[in-house]
Each structure stands twice: as structure tokens, then as C-alpha cells.
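Here's the structure, in C-alpha cells; my notes come after.
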Amino acid sequence: MNFRSDNEAPVNQHILEAIIQANQGFEESYGYDRYSEQFTQQCQQLFQAWCEVLPLTTGTAANSIAMALSCPPYGAILCHEDAHLNRDECGAPEFYTAGAKIVPLPGEHGKIDIKALQTFLANSGVHGEHESMPATISLTQCTESGTVYSLEELKAIKAIKEQYGLALHMDGARFANALCTLQCSPAEATWQAGIDLLSFGATKNGAMMAEALIVFNTKFNKQIKRLRKRAGHLISKMRYVSAQLVRYVENDLWLELAHHANSQAILFSKQTAELVELLHPVEANEVFCRLPIELIESLQKQGFEFHIWPGYKDVIRLVFSHATQQSDTEKLIKAVSQHQA
Amino acid sequence: MNFRSDNEAPVNQHILEAIIQANQGFEESYGYDRYSEQFTQQCQQLFQAWCEVLPLTTGTAANSIAMALSCPPYGAILCHEDAHLNRDECGAPEFYTAGAKIVPLPGEHGKIDIKALQTFLANSGVHGEHESMPATISLTQCTESGTVYSLEELKAIKAIKEQYGLALHMDGARFANALCTLQCSPAEATWQAGIDLLSFGATKNGAMMAEALIVFNTKFNKQIKRLRKRAGHLISKMRYVSAQLVRYVENDLWLELAHHANSQAILFSKQTAELVELLHPVEANEVFCRLPIELIESLQKQGFEFHIWPGYKDVIRLVFSHATQQSDTEKLIKAVSQHQA
Amino acid sequence: MNFRSDNEAPVNQHILEAIIQANQGFEESYGYDRYSEQFTQQCQQLFQAWCEVLPLTTGTAANSIAMALSCPPYGAILCHEDAHLNRDECGAPEFYTAGAKIVPLPGEHGKIDIKALQTFLANSGVHGEHESMPATISLTQCTESGTVYSLEELKAIKAIKEQYGLALHMDGARFANALCTLQCSPAEATWQAGIDLLSFGATKNGAMMAEALIVFNTKFNKQIKRLRKRAGHLISKMRYVSAQLVRYVENDLWLELAHHANSQAILFSKQTAELVELLHPVEANEVFCRLPIELIESLQKQGFEFHIWPGYKDVIRLVFSHATQQSDTEKLIKAVSQHQA
Amino acid sequence: MNFRSDNEAPVNQHILEAIIQANQGFEESYGYDRYSEQFTQQCQQLFQAWCEVLPLTTGTAANSIAMALSCPPYGAILCHEDAHLNRDECGAPEFYTAGAKIVPLPGEHGKIDIKALQTFLANSGVHGEHESMPATISLTQCTESGTVYSLEELKAIKAIKEQYGLALHMDGARFANALCTLQCSPAEATWQAGIDLLSFGATKNGAMMAEALIVFNTKFNKQIKRLRKRAGHLISKMRYVSAQLVRYVENDLWLELAHHANSQAILFSKQTAELVELLHPVEANEVFCRLPIELIESLQKQGFEFHIWPGYKDVIRLVFSHATQQSDTEKLIKAVSQHQA
């Protein structure tokens, strides 16, 4: 019973079938296939706006190309200190931007603290060319703590972004999960909230290896294809990536899958509300909770798999995915309840 | 009838089935899956040697990480002027090496001219730190002209590499096709011929998106996983890449597929030997030939697809792949023969 | 009366004369001049050890090449959050290392907090290749707050560096000032304290444009000349840089100049001890103090020049240099005393 | 008697005096000094146009920042195969551009062959994002072969640059020498000839360490100061660099010095016209000539210093500089004449 990561889950059956369907005869290579074209159209409908769409195979690539498009080498990227692009990409943003500076900011529950952001920007610039020039704010939605920025919170960041003329990027590795929580349209959650570039994740939510960088602002899509190519991310048989994406958003499959994942996390947290201490509010498909070490060991022995959070001994992360079976969630709830009783 | 590119061919059915088979339940992510492990073992058997194996999704990534491993930023990469990594990767090797210099060398039929290589190296160094330091020789096997370096030719390059203490890389995007021609063991064609790093291609020869960087020399595998990660090439659900590779080399499928492709090219070139002028010897699965413009147009009208070679009006490239049907090859032969008659 | 920066001070007369002396006839270019050779020998005597010496014209270049030598692109540099290389070099270390990650650490009075350093390192590595690999600790001596790490404090950092197998770099833009305070030998203050690479500053302390990167550990001097060249820092008429350095260390001129600067800062801080609030202990040639805004304005009107510290309205930095006249220091003391009285 | 390099010559006395003069009291640091300001004004008068002026200490830095301003990482730089930035900068342009591709072009006497340039550009683009995008043409004036592009030749390159929308850079390490030969105004030789960015050299022609990047086209001066800073090229006491430049162009000193150097080369080549074989026309201050090996050895024994050209045994380069004494030139002529007689 795997609650370790949505990356360990299998591919959703519909998406696998779409790949199989795409395997018919010859098809133009290097991204000029019919599926890539179709997915761009789907995105433009979905987001009710022009957008440039770049299919990719990893979120790190999507984030990094977004940074390369929006932040010059002498620029600075402002993000939460726990942001994936600060902590978990082995310097990929620094690599793709040719050495931009990441400025890690504090904030509760994985969200950038608005005051810290304002203070940093207000003080920046006094030292002229000696400082990296703030260029891009990147936020993760859902955050690395499993929380979701509200539309209100996004609005506050949008105001700051506009005041300082910055680009705003959203790392949406779990964008579908966030959207289910926000219950708004994709447009409201992104470009209407000031997002210029979106890393649109599909892999964690049921695809095999399919992400897309979606650029809403024409200021930031220059030579995007060359950036993909020179990073080695132009898959020659791109049809097999894009076919995943096409099916992912078809008939709201993506939202259905995310809704399932979220519902399992919420089920768990509600049923165990009086038993476990949550480190962060449960707003999507992840639960970070403190448990007695004894219970953690007991759960492991019973075959529940999860990560003990780095830096802690008594904090675990549970990830619920599109593939989590409710019966497994219930077994987990039962196991926790019995121990605490 | 597609003779444009092996990248436009569909995935081989056995490999597709391997992907489907891999879609069972949860599996460790980020390259720590059973298939990645298995493929490493297969490679060590296949090449009869220790080797580090890094599954990837593109040849550009494999080539570029190979360059980053073997050539420092102040180093130079020596390759044929038509090498994919010089002409067709939009500066990826320069990007991954943080600015190494590519030194393009001339040579007939896509092969580095040995004398040009020797002359360059003999003259280099006189200007000390003002010059980039020769670090890596990269050769493509099969070459971009569809030819194959003989073991003799490789031996000559090996001697030079050893004399100057350089690394030797093989871009084996079509390595299987070359091996069929050489009729030697994988070991003889690679590390025994002095190859330190091999970009082992599978995509063009039937896989969906699967390549591997294989490092035979422990001098060049330092932090190879971090290089993959920070380039955004660590696929989270790596099992679906590695499962392709596992099946690709199982039961000699890779050689069977390459043999078919080569046989079609040879069939075509033999049957039309007195009718068409070849630009390069046909030694694998590609044919570069000069045809009357009238014939080129006629073939296009009959539904034959191929590239007219950049810079020419009367030269076409025909690529025969694992998926080329012999009946199509025969139709093409017939169409050429009738016109010339 | 300039207390703004030691960078605004003129060149010491002895050093200027050394430049004039060097202007005799022809001399080998690109660093192969007699002065560069002589300075290397002087350094080896001064530090009582083998060392590689690379004359340069800026501290940013010295720091950045030190980072490029010791930290790979996938590595991390640990330094104080106020370190010059984090705050004031517009991303130069990220540029020279091809995208290494800077990890800013907290700490009082400009010194890296030992516990924060230990905690970061103890927690690092759990996420394998997803994390940048800690490679280099960089500390500034004197710090950006005008304080000096004691030999005890350096010892604690050395122990950590050795435990984790890291490189240790010292940004010694004001190394002479620190040495005067420590009253130990250059060897004790550097390689005996675990320093592998030293940015040896001379410009702020009386030279025109002369710094040197000094490498004590042969692990970190590979291709150091190529790194200088490709950064555009190989001055063709290097004799004029090295002649400055030769004179700077001759007859203890460097220590004499630094001693003067320090003595002025100490004179000021002692004479005003009961009148001004110090933000940091005064341990070298800089004073950071809080003053009534009224007094600040009054001093400015009287012709005293200094920086109001970014982010504050009532904090100023006073820099005393080799060129500060004691009469000016006394005028400043008097002006402060009279106002406070 | 040094004919090896103008980099080995001493500093002109007027320029040295200007440095000494600049050493008066305190002066604003980091490029905000009065001399930097004055030199910008002088340039604008000299070139009769708006221009951004960036004082630097090396030509490699000037060239590299010019490339970083005009060529993106996915771009290509077209230059002569012997261009300093291709052969003698250890990959500096690749470094500063974050991996742009240098395309070396052939051409007689160090000048880019116009047809080769046209052919390359006409064929480029067919492969879309797979190719680096041509962005900048860089030419050296005087060339590395000591020749000078005529205004006619520059006009032809300008037409190509405009046709393809490229930037045009001039590496003017010996710009003064070229200007003396062209006998036209600085404006005619640069922006009126289509030059967008000029590396304006002074060091080889009498300065100590002073070059400037001059940008005539506002499209290419964005964040130029941040690029200088993050490369470590912002000299803190910049006044001492800019004071050299101010004096260099004052009262036509630069032209006077260059004229002297050129006149010596011409004197030598005329007097020995029937005795030595020239490899390139002598159009400025350098002579490349083939001599009997016996004579070369004899000259060396007589104390004449020069470079035997790499790759040759019987070709030498003679460089005549602002500091060459006519009596030495005459001795050299005599020594050659006597031997040949």
C-alpha cells in the first residue's frame, strides 16, 4: 500500500490506451505531429486564451525553461525556500538560466510570505549593478507542503509582480489537484491571477511522462523551441508525449483523477482529525503529520509505505494519488485509529 | 510510403508491449526501478564489461551529458563538421559543458579525416592557456552520411586518442545498424576500440523514447546522475523508459530490427546501382543519392516521402527503418527503374 | 572627508612608484613577466608553504575563480547570507561555476553560525541526486560586518570542512586588516586554519587594481590559468598588476597600511564609545553604528561622507582606510561628541 | 630589440602621467568617477553619435561582453577562423554567451570570405530549431593577419548583416592602426559601416590596461553594467582605467602612436620588398614573412626578438609598436639585407 509518492503510481488506463492508439503508422517527428497541435488547441480552449504550449517529459524541464525564458543570467528568482526549484532540482534553474540567483523566501505552510517578498523587493536595487536584478517570482501550486494558494493570496502576489514589473511563474506539478480545491476555472487560477508561465503537470496525476510549459504572455515565449531543443528535451517521437496530454485533458479526465486523489487525503485527515497532529492544512492530495515513532514503525510493518520527512523522526508524508484505492486509505485510517485508541 | 526518417516510424510492437507490461502497480521512481537495474545488468553482459548505464529519452541528452562528463568548460571537442552534435543540437554540447569549444573537422563520407585530426592536435598547445584544451573526440557511428567506421579506422582514432590523452565518445544513435554492418561484438565495436562513452540509441530503431548513455571508463562517470537530474532528464516514472531498453536488447530484438532496416537500404541501392549516383557508400540504413529533378518530383507525386537534402536540389536522403515494408522498398525501386529506363 | 569606502581612496605612493618603476622597456606579456614570478615567490615565503598564485584585478574575479575551482556546477556553496559573493556580485559565482547553488546561512555579526552550518550539512544528502552537493564553504575575513573570525572560530569551521570533505575558501578582500587584528602569521590565519583558497585583496588597502587568488591545496589549482584566460582576466601587460603586489607585501607595507586603517577605526570607536551604539564589534577598519538622524544630517553638512546603510535610516557605515588622515578622524570624533553632548 | 608583440611594449609616457595625475585624493568608485564620465563624452564626440561606453581592462572581456549582448545562448557567431575570439580566448565567447556556437569561416588574409558568409547564411534555417540561430557577425580590424578591411569590404558585410537582421561587431584591438590606414573618420569606420558594437583597444597601442566596449546600437546595450559586474570586470578604482582612455584619445595621441607603429612596419616591408616573401599585405603594424631558416636563426642571435609563427618553421611575425625605435627597425632591415645579399 503505497503512500510514498504519486510518481510511483502506474499510468492511468485511459492514457495508456491513448499511447497505444497513437502507435499507428508514420507520423511527423520533433513536435510537428498532430497530437502536439491538438493539445495546443485544447489548452487554448481550456484556458480561454492564447497560449504557447510546449510538451515536455519532466517538471524540472518545464520549470527550468520557464526560468530561462523569464529570468536573465543577471536576474534573481524569488521563491519559497522549500520550492522544488530551490531544493530538489540539483541546480537546474541556475543551469538553464546560465547562473541566475535564487532568492529563497520564508513563509508558513509552503507559501511565500507576502511581507518577506515585499521587504526583499523594497530593499533591492539600492546597490545597483552589484545586485542580481529581481526578474521572476515562482510559486508552487499546490505547494510543497500540500497547501493551495487561495485566489486572494494569488491576487496579492499579482499586485506585487505588477508593481515591480516581474514575471510570475507557477510550478503546477500538481495543478489539477489545486484546481479541484479552488473550484474555479483554469483561467481564473492562472493568467487571470497574473500567471505568465505555467508548468502544467500531468505525470504525477496519471500520465506516463508528460508535462507542458504553457506561456500566457507573449513577452516570454521567444525562441522557446530552441531552448527545448538545446536542453535535449525535443523528443523525436513527440507524438507519444502529446497523445498523453491530449487524453489527459479530454473529458475532464485530469480533474476526475485529481479529485479522487484529493478526496482520499481529505478522507484520511477527517477521519483521523482527533488522532494526528497535522503540520500543514490538508488542501489537496498530501498529508504531513506527526505520529508517535512507535506508530510509524507499526504502520511500516503492516505494509504501509511512506516517507519519513527529512530532518524529522516523527513526521511522515502521505501522498494520495489517482491510483490510491479507497480500501487502502480505509485500512490506513483503521491502522492509525486502532493504535491511537 | 515514408522514407523521410526513422524518427517518424511507429514503435515496434514488442517494445510497446513491454511498456504495457511495466504498467503494473506501484514502482520506485526516479530511476530506482527494477527495469533500470535490469538494463544495467543486460548492458554489462552485452558489452562483457563493467559499465555505468544512464537511461535517457533523447540522443541529444546522451551526447550532451557525455560531453559534460568528458570535456571541461575550457576544453575542446573534436568532431566531424557534419556531426549531429555540431550541426543539429542548437548548441546543446556548448550548453551542457558550460561553453566548451567544438572544433569541426573535415572528412569524406561523414568520417573524421585522420590527417586533419592529427594536424590539429599536433599544432595545438603552442599558445598555452589562450587555447581551449583538446579533451574529447566524438565520432558518429553510423555517420551522418550513412557510412560506418571500420574497426581499422576506429583503431587509428584510438591510437590518436591515447597519444594525446583524450576521451573518445561514440554517438551511436544508429549503433545497432552499424553493428550489423561491422559483424563484430558490441565490445569490439566500443570499449575495445577505445570508446569511453557511448550514446546508445534505441528510438530510431523501434523504441518510443529510449536512449542510454553508457560509460565504459570510470574516469568519466563522476556524478553522472546529478548531471542528468539538473538537466531535467531524470524521468520520475523511469520504469517506462527502462522497460523499453530492457526489451530492446532482449533476444537480439535490436539487431533484428537494424538488420531489417539495413537490408532494405542495401536492396534499394543494389537494384538501382546502375541508375542512381550515390553520394556516399551505402553501409547501413540510409541512402544519399543524386536524381534528376524530374524524377524527384515524380516520386513525390507517387506518394514517396523523403528529404531533399539541404543545400541541394537534386540530392535526396532515403531512410529505411525497422518499420519499412519490403513491398514499399520494391515499389520505390520500380518507380526509379521505370523512370530511368 | 571620505569615510565612504576604501575603494575611493587613492593609491599608496609606494605602490604608484612601483608601477612607474615597472615601466622600463619591453617585458614578457600575459603573466610571464618577472613581477608575477617574484610575487609567487614572495607569497610562498610569506605563507611558508607551496601555493599557486594568480594575480587578478578584482576581488569578484578572485572569488569567482576560487568557486569555479572548488565547486562543480551541481555543487553548493555555503556562505553567510551577507557574504559579498551572495549579495554584491550580481551572480558572478553562479556564472563562473556554471550554475552552482549558493546556500546563504545566518549568523551574528557577519559570521556563519556554526550550528546552522552543521544542521544544514547534517540534513543534506537525504535526497540524493535531487540536491546540489555541498562542495565549498566560503567565509569573508574581515566579514562584511567589519568583524574578524578568531582562530578558534576558524578551527571550528575547519573541523566541519574536514568532516564533510569540503573545500574552504576565504574572501580576504580585507585580509591585511584581519591579520593585524589576529596578530598571527599569514600561515596560521590561512592554510593552517584549513583554508584551501584565499582571495588576497590589495586594492582596498592601497593598491590600484591588484588582487590575487592564492591556492594552498593542489586539489584546487587545476587549469587555473585557463579559467583566468577564458574569463577575460588575463591582463596582457600583467607586469603592472604584479608590480603592485610585489611592492604591497615588500617590507610589510601591507600590514603597515592595514594597521593604520584599523587604528583609526578603533580610535573613533573608543573615543565615541559612550555616545554611539555599535551594531557590530569594531575589529578592523569599519564601524557600523546607529546615530540620531539629526546627527547624521549634521555630519553630512559638515562634509563627512559615508554610507547610510541600506534598509536603515539611522545606521551608517564608516570605513577607515590606509589613506584616512588622523586629523579627519579626530574631526569626526569631535563632531559626534559635540552633538551628543 | 623586441618585435614580438605590442603587448610587451611599455606604457606611453603621456598615459602614465595621466594615471599619476588621477591619483589625487578620493574619487567615486565602481565606474562612477569623473574620468569614466569624461571618456563617454569624448567617445560621443569622436564618433559623432550616441554611444554607450564601458571601460574594461582586456580585449577578451570587451569581445565577450559584446557577444553576450548580441548573441543569445541558442545563437551563432560568425567570424573568421583565425579570429582572436575563435582561436585565442580559451572559449571566452562561449562562456559569456552561455554556450553560443562559433561558426568559423574561411577567407584570405584574415578577412571573412564574403561568399562563404553568404552561403552559410543562405543555407541556414532549413533545419529550424535544430540549428543555432545566426545572431552576430564579428570581424577583426586590423585582422589577425595584419590586414585592414576596406570601407568597400565593410559595406558588403553591412549589406549581409542587414539582409539577415544580424548584429555586427568589430574586434578593434588594433582599431587605431586600422583607422590610420583607412584615413577616414571613426564614424565612417564603425557605425556608418554598420558596426553595432566595437571593442576599442588601447593597451596594445600604448595604454597600461585599458580597453572599452562601445555600443552604437541601443538594441545591444541592455544591462551592460550588470554583465560587466558579474564577470568580475567592474574595477573598484575604475578612475585609473578611464584616466588612461581619456588621455589616449586626447589630442589625437592614439592616432599618433598608431601612425608611428604602422610607419615602421611599412618602412620595413618597403625596404625589404625584394628580399622577403610576405604572407599577407602589410597594411598596419604587423608583418608576416617567410625567411630562410638560416636567416631566422641569425636574426635571433643578433638579438632580434619575434615569434616564429605556429605551424611553420620559416614564417615569422614582426610586430611594430608605438614604442618601436626607428633605429631598431633600421637595424633589422640591415640585418635582413646583408644576409640576403
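Chains here go by letter, A, B, C and D, matching the order in which they are written, and residues are numbered from 1 within each.
What we mean here is this: a residue touches a chain if its C-beta (ideal position, glycine included) is under 8 Å from a C-beta of that chain, and two chains touch if they have at least 3 such contacts.
The structure displayed is predicted, hence computed values, not measured ones.
Taking each chain's centre as the mean of its C-alpha atoms, the one that lies farthest from the centre of chain A is D. When the interfaces A-C and C-D are ranked by C-beta pairs in contact, the top one is C-D. Between the Cα centres of chain A and chain C there is a gap of 41 Å.
Chain D has its Cα centroid 34 Å from the Cα centroid of chain C.
Of all residues in chain C, those that touch two or more other chains are 30, 73-74, 89-91, 95, 98-99, 129-130, 226, 229-230, 234. Interface residues of chain D, counted against chain B in their complex, comprise 73-76, 87-91, 94-95, 97-102, 104, 123, 126-127, 129-132, 310-311.
Taken in their complex, chain C has these residues touching chain D: 2, 4-5, 7-11, 16, 19-20, 23-30, 56-64, 89-92, 95-96, 203-204, 208-209, 226, 229-237, 240-241, 305, 323. Residue ranges of chain A in contact with chain D, taken from their complex: 30, 72-74, 98-99, 128-130, 133, 223, 225-230, 234.
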